[in-house]
Amino acid sequence: MRTTMKKILWAVCATAVLGMFLPAAVPAADEIVFGVIEPLSGPFKDVGDRYVNGAKFAIEQINAEGGLLGKKVVAAVEDDALKPAIAARKAKKLILKKKTKFIMTGTGSHITLSLAKVAKKYKVINLTYGTEAAKITGSAFTPYTFRCCLNTDQHSAAIVEYMVRKYPQYKKYYIICQDYAFGREAAEGFKKKFKEIAPKGARIVGEIFHPIATKDFAPYVSAIMASGAEVVLSGNWGTDLRLLIKHGASLGWKVRLGNYFLNDPLVLQEVGKDSIGHVAADAYMITIDTPENKAFLAKWATKYKDAPLAYRYPTLSTGRAYYAVRFMAEAIRKAGTTDVQKVIKAWEGMEFQAAWGKVRMRACDHQMITPGVASEVLPTSEYFDFPYVGKPMIIPAEAITTPPAETGNPRCK
Amino acid sequence: MTHTRTKNVLTVLIVLAALVVLPYLLTEVQLNMAIEIAFFSLFAVSYNLLLGYGGVLSFGHAAYFGTGAYFMVFALKYVAGMPILPAVLVSGVAAGLTAAIVGFFCVRLGGSYFALLTLAFNQLIYAIALKWRSLTGGDDGIGLDKHDMYLPFVGNLDTMSTFTVYYLTVIIVLISLWLIRFFLKTPYGNTVACVKDNEERAAFIGYNVFRSKLVLFTMAGFFAGIAGALFAFFEEFVSLDSINMAMSTEVLFMAFIGGTGSFLGPVLGAAVFIYFTEWVSDITEHWEFFLGVLFVLLILYANRGIIGLIPEKIKNFWSPRSASAGER
Amino acid sequence: MEAYAVQAVHGVVYGMLLFLVTSGLTLVFGMMGVLNMAHAAFYMVGAYFTYSLVQWTGSFWLCLLLAPIGVGIIGAFVERALLRKVHTFGHAHELMLTFGIFYILAEVVKWIWGTYPLTVVAPDVLNGSVPFLSATYPTYRLFILLVSVIVLFILAFIMQKTRIGIIVRAAVFDNEMVDILGVNVQLVFLGVFSIGSALAGLAGVVAAPFLSTYPGMGLEILVDAFVVIVIGGFGSVWGALLAALMIGELQSFGIMLIPELALVFQFLLMAIVLVWRPQGLFGESA
Amino acid sequence: MTLALKDVNTYYDKSHILQDVSFSIQEKEVVGLLGRNGVGKSTTLKSISGVVTPRSGSILYKGKELRGLKPHQVTKLGIGYVPEERRIFPNLTVQQNLLIGVQSRRARAQEEEAWTLERAYDLFPQLKARQSSKGGNLSGGEQQMLTIVRTLMGNPDLLLLDEPTEGLAPMLVEVVTGVIREIHGSGISILLVEQNFEVILELTSRTYVMSKGRVVFEGTSAQLADNHEVRKQYLEV
């Protein structure tokens, strides 16, 4: 038994070693490769899956419309397990083996920051359609990095704008965020905007940072309830969002929660009616009421009608990834070449028509300037059989844009 | 005896020559991987000081790897004109000191107690790195800005070049491995290395088990820190992933898969681990499952690791002196 | 004043949930000297079983019985087919093996149930609130308290009053002698490990509607559980109880008084206890 | 013949401890096993009781092969083993210690003479007095009593005793000797490993002497008492 097992193990190892030296496919000359790097294993797989599907769908559409610069666009997808070192390794592989000049991710600011180092070294474009840390386009800026999603300042501002405009009667705000870089930045964003536009007499009555993956929110909820808060602002995601809402509702809190990620069906499916009346904001939502968006949803349905819940509709990240890739493709088209320096030049300051309105790539920090959308969770939805966000309020770009001088980017003075 | 020695010297020369010419034979992707294997080898060997020689299972070795990585960034970022080699040394010392402090609490205890405490301290150090955002960048991580490296007689080296990073890494790893090996062969090192086998006897004949274990723990931390510094230098970016429990697990996998019973087993383990994760993760998203199964099968049927699976004859040819610390 | 009372109750509830999670771990460690890293995976599997069983049978109450049994069977298999084989290799190998099993089970769970968070809805009777001071308190939290207290009493009764309990306590000291006296110690080990696993499964059932069911739930509870048994003293049920309650209260009051340190409360508590009593509050000296 | 060992070979790792050991015990007999330290006496008992498994040979007990059985299986067949180190459970009370030894199935089988707590306490009143103190708080003599009685609770037909008088004061040695005689009187066969020659002469009818893992002498105790050569060569220091 023991020796047989040893022999089998030995054979497996030997096969493995041989397998490693199999040649990798080299792309054809008439292809443009977009390298998509996302977590496709581990607990964040569903997040990664969505981005990949959004990006892939954009690439299919581009090809269906005749390709890019007369070439076919190909998606090369790699799993980074949400680890910067692995993301960097995969990016190098894509760049050196598949000759890609465009790498992208939407999950984890640390991944984008790590990829920025690789992109700078090998001089390729590093696109993010989902990582929000301000310093990506701020203090850690490199000319190769472009961001086609909201940053934390914009995202927080959109939520505060919605609350203040729609519910000027609320006077007591409370901030609860996860105790790490993203949570802290989200809170900063809330406070900055609140200070700017707070109704008379309104104030922030409390601010709390809890550890990531907190199991019991009851102590926090009780503290919030004791403060008499009417609005709770939060950047929480994942279980920290679901449990905050569930434990809040079970203890009978009477607050309106404004959050970054509430338009995620995976969250709303679980928390169900406890989420009604809470507010989400983003750059894109499927409930946007424009003909362009209707057309986009119809096209999406042709491919993903029976897909898993996470990307059956282009909710949350999928829609963003789609438009980001389209935007980049337009920049490449405008440059007329895949030469990276020329694409950078062409993209800077460029405008693009997205489903929710006009967006622009700010030249100095490569941050997409866009209107925001914010909406409340309604009891019923035409898309899902659980409560989901309704038609959004469009918040103009000027209301949520960080002035260049405040970005911390040396190029923006 | 002379015959063996000749063969040893020859083997060493062949390996050295191979390492020198390797960059000219490999593609850049493979070269990058070779660099990763090099510093992870050192990390795994340092871990094996605890598991193989000390006979204790640590779930917190990433704490020192991460400390080294962060200090590498700090040294190059906050100390103007800091040369690279001293920066690596500083990182190792920082990690070693951390290990000494943690070790002071942990090494008194054995078995499961030790495992749990190292895990808890790993979490504590992780929490510090997470909280101290102004210094570490918290969850966003922190970039390392390279500058050129000046070497006497050689001149300025372009540290952006993968070649330079390769040679630098391999040389530091080889020197470190040699130092560890050298130490283990000194009389004092020998008593330290045997602490697992004769803990009771050792305590009986009156030498200080606590001190031996602490020395071993500190040394393991120091070299993990050096490996971490090389990691930071290669990645040009350090984040919490270098210091969290997953990294501690990976190094356990590397050391054990390679073989804890021999000095070089973990080197093999690091190579296999990196290739395995790279290769299998391309095939299936469930690669961690297969990694776990491999690990469990090795524990059940081949607890000397892959190196224990190599037929004796081949092994005897390559390393006539077999490992000093044997796992039963 | 009332705010403090509410926080105190929150702390007790969460503390008792932590105790429920760690009770099986403590039992197995105390009896077999095995620090079962797979415990957290068993806990997670318990929660996922609950999800599927509720889907099939529609009854959460049934899960309270069936899910622990299912997990107990997995535990029995692990002990009989794997753990026993490495026993002679020593503690490090046992620990590594249970860790490997944790690793595999976590992947298997993702493979079978996917990575989406799954919804387990508690029965209506547990979903309401009961009046408490000037407000209300969720019934489910009281249910958690109830289950944990019942488990505590059953464990205490078995350990103190039954022959099985006496055998288990004797085997902690000298399992070979117990064997010599005619007790099949292997069988006792098998039983204890299964029951320990089943307790993890039960904790998973109770946690499923409360803490949400998702792939990271095992790892996230693992460290907390370990801190509890370090503070409480390895293998001591009473120690685990006290430590879990301390952590629960610390979380509750700590965030009111020193929120900045919320992340490290349990580690600070652990550090203090270790400096003062390295063997933990109730531990025999190591 | 109750117990018969034939060509038993036992190893610890690579060292060959028992070498072709053969001997036998008749029903209701008290047999002594003698020899210097480290000649394999304790290993012989361990081999019979299943604590270690001999590599070859056979151990027949009432026609059943014992080699390969686990200790608890051997115990269930009716062999009680009292190891040399007392190995009481210090965290349990005297009564709880005794309870662990109970074999209810065997008790039912020999209902008439079954050992019960009452009978044990009758025999050892000092244990009754201390029934609720922790085992760890007993004196050496009390601990020795406790280990013997604990094994008796399993109602053995054959008792393996490993140096029951070791380290006891002369007065206690006498007490223990009395106890063993009493146990024998109740119809139990005994294999007694002893260093104390007086005790052997007093209690046993036959003896075996071991040296370096082999049986080197067998005969009645009286024969051994007369055989100065054997005593000089194998027993006296």
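All chains are identified by letter, namely A, B, C and D, in their written order; residue positions are counted from 1 within each chain.
Note that a contact is a pair of C-beta atoms (placed from the backbone, for glycine too) under 8 Å apart; a residue touches a chain by one contact, two chains touch by 3 or more.
Source: prediction; values computed, not measured.
**Q** Which chains contact both chain A and chain B?
**A** C
**Q** Which chain lies the greatest distance away from chain B when centres are computed from Cα atoms alone?
**A** With centres defined by C-alpha atoms, farthest from chain B sits D.
**Q** Across the interfaces A-C and C-D, which one involves more C-beta pairs in contact?
**A** A-C
**Q** Which chain has its C-alpha centre closest to the mean of all protein C-alpha atoms shown?
**A** Centroid comparison flags C as closest.
**Q** At what distance in angstrom does the C-alpha mean of chain D lie from that of chain B?
**A** Using C-alpha averages as centres, the distance is 54 Å.
**Q** If you average the Cα atoms of chain A and of chain C to get two centres, how far apart are those centres in Å?
**A** Going by mean C-alpha positions, chain A sits 36 Å from chain C.
**Q** Distance between chain C and chain D based on Cα centroids, please, to the nearest Å.
**A** Taking the mean C-alpha position of each chain, the two centres sit 43 Å apart.
**Q** Between chain A and chain D, what's the gap in Å when you average each chain's C-alpha atoms?
**A** 76
**Q** Could you say which residues in chain C touch two or more other chains, in rising order?
**A** Answer for chain C, listing residues that touch two or more other chains: 110, 263.
**Q** Quick one: which residues in chain A touch 2 or more of the other chains?
**A** Only 42, 45, 179 qualify.
**Q** Please set out, as single numbers or ranges, the residues of chain B touching at least two other chains.
**A** Answer for chain B, listing residues that touch two or more other chains: 130-131, 286, 288, 300.
**Q** Kindly provide every pair of chains that touch.
**A** Pairs satisfying the touch definition: A-B, A-C, B-C, C-D.
**Q** State the interface residues of chain C toward chain A in the complex, per the touch definition above.
**A** Residues 3, 6-7, 10-11, 13-14, 17, 110, 114-119, 129, 135-138, 140-141, 211-212, 214-217, 220-221, 224, 251-252, 255-256, 259-260, 262-263.
**Q** In their shared complex, at which residues does chain B touch chain C?
**A** The touching residues are 51, 55-57, 105, 108-113, 115-117, 119-120, 123-124, 127, 130-131, 245, 249, 252, 256, 286, 288-289, 291-293, 295-296, 299-300, 303, 327-328.
**Q** What residues on chain A touch chain B, complex-wise?
**A** Result: residues 2, 5-6, 9-10, 12-13, 16-17, 19-20, 40-42, 45, 79, 81, 83-86, 88-89, 92-93, 96-97, 109-110, 113-114, 116-117, 121, 133, 135, 140, 179-182, 184 of chain A touch chain B.
**Q** Within their complex, state which residues of chain C touch chain D.
**A** Interface residues on chain C, with respect to chain D: 163, 166-167, 169-170, 172-174, 176-186.
**Q** Help me check something: in the complex, which residues belonging to chain C touch chain B?
**A** 29, 33-35, 82, 85-86, 89-93, 95-97, 99-101, 103-104, 106-108, 110-111, 223, 226-227, 229-230, 234, 263-264, 267, 270-271, 274-275, 278, 286
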